[in-house]
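Below, chain A partners chain B and then partners chain C, in two separate complexes.
Take a look at the complex of A and B:
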């Protein structure tokens, strides 16, 4: 009995997710762009959540990893003609190295809480300023990918193919995140999040596991960066290295429920289409009005459910079960 | 490069540093009573600058005359916002609080974009485009007055924190909020007042330096980052530390852009922050 319930609670969200994710393939092509953007953010939020949610380390430096993925694959493609399918692994490796280095730098000593956020935001700003001024990286103009037009070079004729690629990436990232959450690594990371000293005292190698979480999260983010660069066919510092995209990733994850497996999926899945819809229906009237409404929506969710929609859903379900239990007890 | 140019840049850096220090002190005040890292800090100041613009456009009110109005307006805004919005979220943890302020960044930037548009704007004041010439120095009056007022306001804040009951209560909460609560200090009230004063100070600061800046909706984040840097380098809660850190950041930024160009100048504060956090994590003057 117990086992079947466990299995259904693990499988049902997958079925729901796949139903939603496969729907754009049936729809007209006008929706594909929005669907790709949504899944890209799902991917980036899952990646951020490994460090920012499950391990509880407030990292604002993920633009560095996004840029590593986007720029490495693009440069390899432009200068050496190497396919981004291979370049994406180089980008992920570079991002993982940067991530491990940042984690090692920041977590060697017991720094005051939230100073990790400050180190990473400072490094992100340094990265952004550096990228916008180095000519080899295209400076603030950015770089355009050469047109090669073959799937072997990560270029497709139809947006639907891009959609399938990002869908596969998201499924892999989600499976990885779910697996990590339930294995020893995830348990250690959650222990570090909930009480670092206690975790350290019972023998969790805190530094090692924080570095591991950063490496995985950074590599996944870089894969997202490569995909986004290939999809747009250019890279440019504001989109790929700016702090704004990190703020969006964090807010979407928090609204869904950071530190949970499905939170970073639910947040972007609901809010990215909502944001795009607002942009289409209001964007022409006043500049910024759609983003203002979007921001107010985010703030309202955080105000009434600081643990996100997943947390609010869990509490509502508990309250419902409790009430049903009371009703059953009363009838007996 | 001649010594005069270097001197000019140094003086300008020191003046900017005093303003940075004041912004960082209001951030410290908010941080010290509840652990809230306010990422929307600079955006509140941007809001005040645009407020000064709106008051000038509607009533031809000079920004310097509007400063007290903006102080009280922003005090009320901060007080109410803390009570209705920040406090309930902060109860769920400082991380949730910081994430809420990230949401506020989004809201405020786009509010300004919607109301005022994305163009660069400036606010004319009685002091705009006037310089004080003390050979060999040429000092813009808005910056000079802004920095002097910043020092005066920082001194007033220091006296309030050291000599009044409110200040003692704030310091008690900073040292040990549980013990402070047991001594009968109403923590939630002091937190709300401190947040109000912090935001009110931003209203005031925005008005007195508005003549020195060109306004864009996204300008707030830069001020937030500078304030964070100064706050951390100075050591949380140290007044002398914040003033010194403000001066270091102002001067290094100004000399950096003069000697190596704008991008390197802009990078220097972040590089200093990273170095300080790694080697002196409690700041230059911070207590352990």
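Take a look at the complex of A and C:
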């Protein structure tokens, strides 16, 4: 009985997610574009959550990894004609190396958590300035990808194909996140998050697992960066290396529920379409009002679900079960 | 009349009536996208542009619509790109794939245009950039601005003209917004000045988000140049003039632009005391000045003031008017709402000097689109301020006032 309940609790979210994720395939192309953006943020939030949520290390430097994925695949495509399908692995490898270096630099000396956030934000700003200034990287003007129009070069005629690609990426990222969460690695990372000294005392190799989390998170983010660049067919520093996108990723994850498996999925699934819908509906007629409503929506969510929507959902389910148990006991 | 004849007569009458009732449906309305910043950094500018576009579209629709489409009306679909390249790309996709627009007026800035071009290329729907200083890389994008390289050359030409008017300029310092636009303008101006035998003492980059221009002005002062060129936006331009005023450094000949020297709100923002000390002796590169002699400009000013009596009719408004007037003519020439044909008609536009469709003073003569999608026949104008009003001083062919040059009587 217990095993059946466990199985259903693991499978039901997947079914719900796939039902929501496959719906845009049956809708108009306008919905497909919104769905692509939503899934991209789901992917990026899952990646950030590995370090920022599960491992509890507040990283603000993920724009570096996003830029590594976007720029590496784009530059390889423009200058050497290498397909971004291959370039994305080069971008992911570069991002992983950068991630490991940042982790090593920050955690080797056991700096307090706030220092890690400051180090990552400083390096992100440095990366932004470098990309904005170097001509080879397109400087502040950015780089436009040549139109080749072939799937072999990661370019598709239909937006639906882009949607399928990002959906597959999200499923892989989600499966990886779920697997990590329930294995020894996830257990160690959660132990580090909850009490680093205690974890260290019982023999958890803290530095090694933090570096591992950063490497996986950075590589996943870079895959997202490659997809984003190929979808827009254009890269520029503000979008790919600016701090705004990192804040957006963190905000969406926190609203969904950081440190959980499904939190980084639920946050973007609800808020990205809400934001886009508000912009479409009100951006033309009442400029700025959509931002105001979106802000109020965020405040309401954070006020009533401080541990994220997943946390609120868990509490509500517990309360419902408790009430049902009381009712059943009363009838017996 | 037999029964058959009566039936035939009734049938014929019904046919004629039917044809008459069907005739107005030949008028085919056309959907046009407007992709402009209505929030974010360029929100104020975008709102002004949209007002200009809406005015032209309303006038056109009220005057009977597009004649070649049987009097079809233009329906605008306005989208906000949030002053952001990514949102520009996403909104352009939506306008093209979902709204099925025939053409897009916009985007506004260069980074937005970079993001727009691949989408336009893919969906084969044309667009026109307003303040985009790049050279288009797709046949589905055109611009009505001057390229960054063009700006650089315009500064060098203006310096040459000042020398011909008696100004002693042997050395120049350049300050520029440290982004792609500023970098290209600075490099082009420096190269053109060097070719004229003028020494560029230093090119000083300034972050566009700068909070205080005092260190930059002090650096320029230490170089003691004969003239200074400042490539600035509105906000950093305001800071520059305030720093010049506070440091009492107003003596060298100062050229700059565009918004930071020629925006219609600049005098009021600086206040009379600062503006008089700094702006009256400076030369501001501009796209528009209300004293222009073009008949199309005078008409737009009159209609704009009547339509929006409580708003400033500024450069952005005129950019909107210009883009919309070009589009109306392109639609008349195309006679269809097919996006490919509308874009081809836009690229094929040709106007004679003084045509009522021409609004911006940067188009003083005959104009047409070059192969690369830039307007051939544009040249920047320079203005000087007097008592809060801009006066065009260069080129002399379109000037309304004589220049006041520091050290020249």
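Criterion: the second predicted complex is superposed on the first by the 328 of 332 C-alpha atoms of A that agree within 3 Å, B and C clash if a C-alpha of one lies under 4 Å from a C-alpha of the other, contacts with A are read in each partner's own complex, and residues count from 1 in each chain.
Methods note: a residue touches a chain if its C-beta (ideal position, glycine included) is under 8 Å from a C-beta of that chain, and two chains touch if they have at least 3 such contacts.
Owing to the predicted nature of the structure, the values given are computational and were not obtained by experimental measurement.
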### Task
With the two complexes superposed on chain A, say which partner A:132 touches: chain B (first), chain C (second), both, or neither.
both
### Message
So in the superposed three-chain picture, is A:56 touching just chain B, just chain C, both, or none of them (first/second/both/neither)?
### Response
first
### Task
Determine, under the contact definition given at the top, whether A:232 touches first (chain B), second (chain C), both, or neither.
second
### Task
Using the touch definition from the top, say if A:159 reaches chain B (first), chain C (second), both or neither.
second
### Query
If you stack the two complexes on chain A, which partner ends up touching A:251: first (chain B), second (chain C), both, or neither?
first
### Query
Regarding the shared-chain residue A:190, is it in contact with chain B (first), chain C (second), both, or neither?
neither
### Message
Applying the document's definition of touch, where does A:33 land relative to chain B and chain C: first, second, both, or neither?
### Response
second
### Task
Pick one for A:298: touches chain B only (first), chain C only (second), both, or neither.
first
### Query
Now for A:145: first (chain B), second (chain C), both, or neither, which partner does it touch?
second
### Query
Both chain B and chain C touch chain A; at which residues?
132-133, 287-288, 291
### Message
If we count contacts the way the header does, which residues on chain A are in touch with chain B in the complex?
### Response
56, 58, 105-106, 109, 111-115, 117-119, 121-123, 125-126, 129-130, 132-133, 243, 247, 250-251, 254, 286-289, 291-292, 294-296, 298-299, 302-303, 306-307
### Query
Given the complex with chain C, which residues does chain A contribute to the contact?
28-30, 33, 37, 132-133, 139-142, 144-145, 147, 157, 159, 232-234, 236, 238-239, 276, 279-280, 283-285, 287-288, 290-291
### Message
Looking at the complex, which residues from chain B come into contact with chain A?
### Response
35, 37, 85, 88-89, 92-96, 98-100, 102-107, 109-114, 117-118, 217, 221, 225, 228-229, 232, 236, 263, 266-267, 270-271, 273-274, 277-278, 281-282
### For the chain C and chain A complex, residues of the former touching the latter
38-39, 43, 47, 77-80, 82, 84-87, 89-90, 93-94, 97-98, 110-111, 114-115, 117-119, 121-122, 134, 137, 178-180, 183
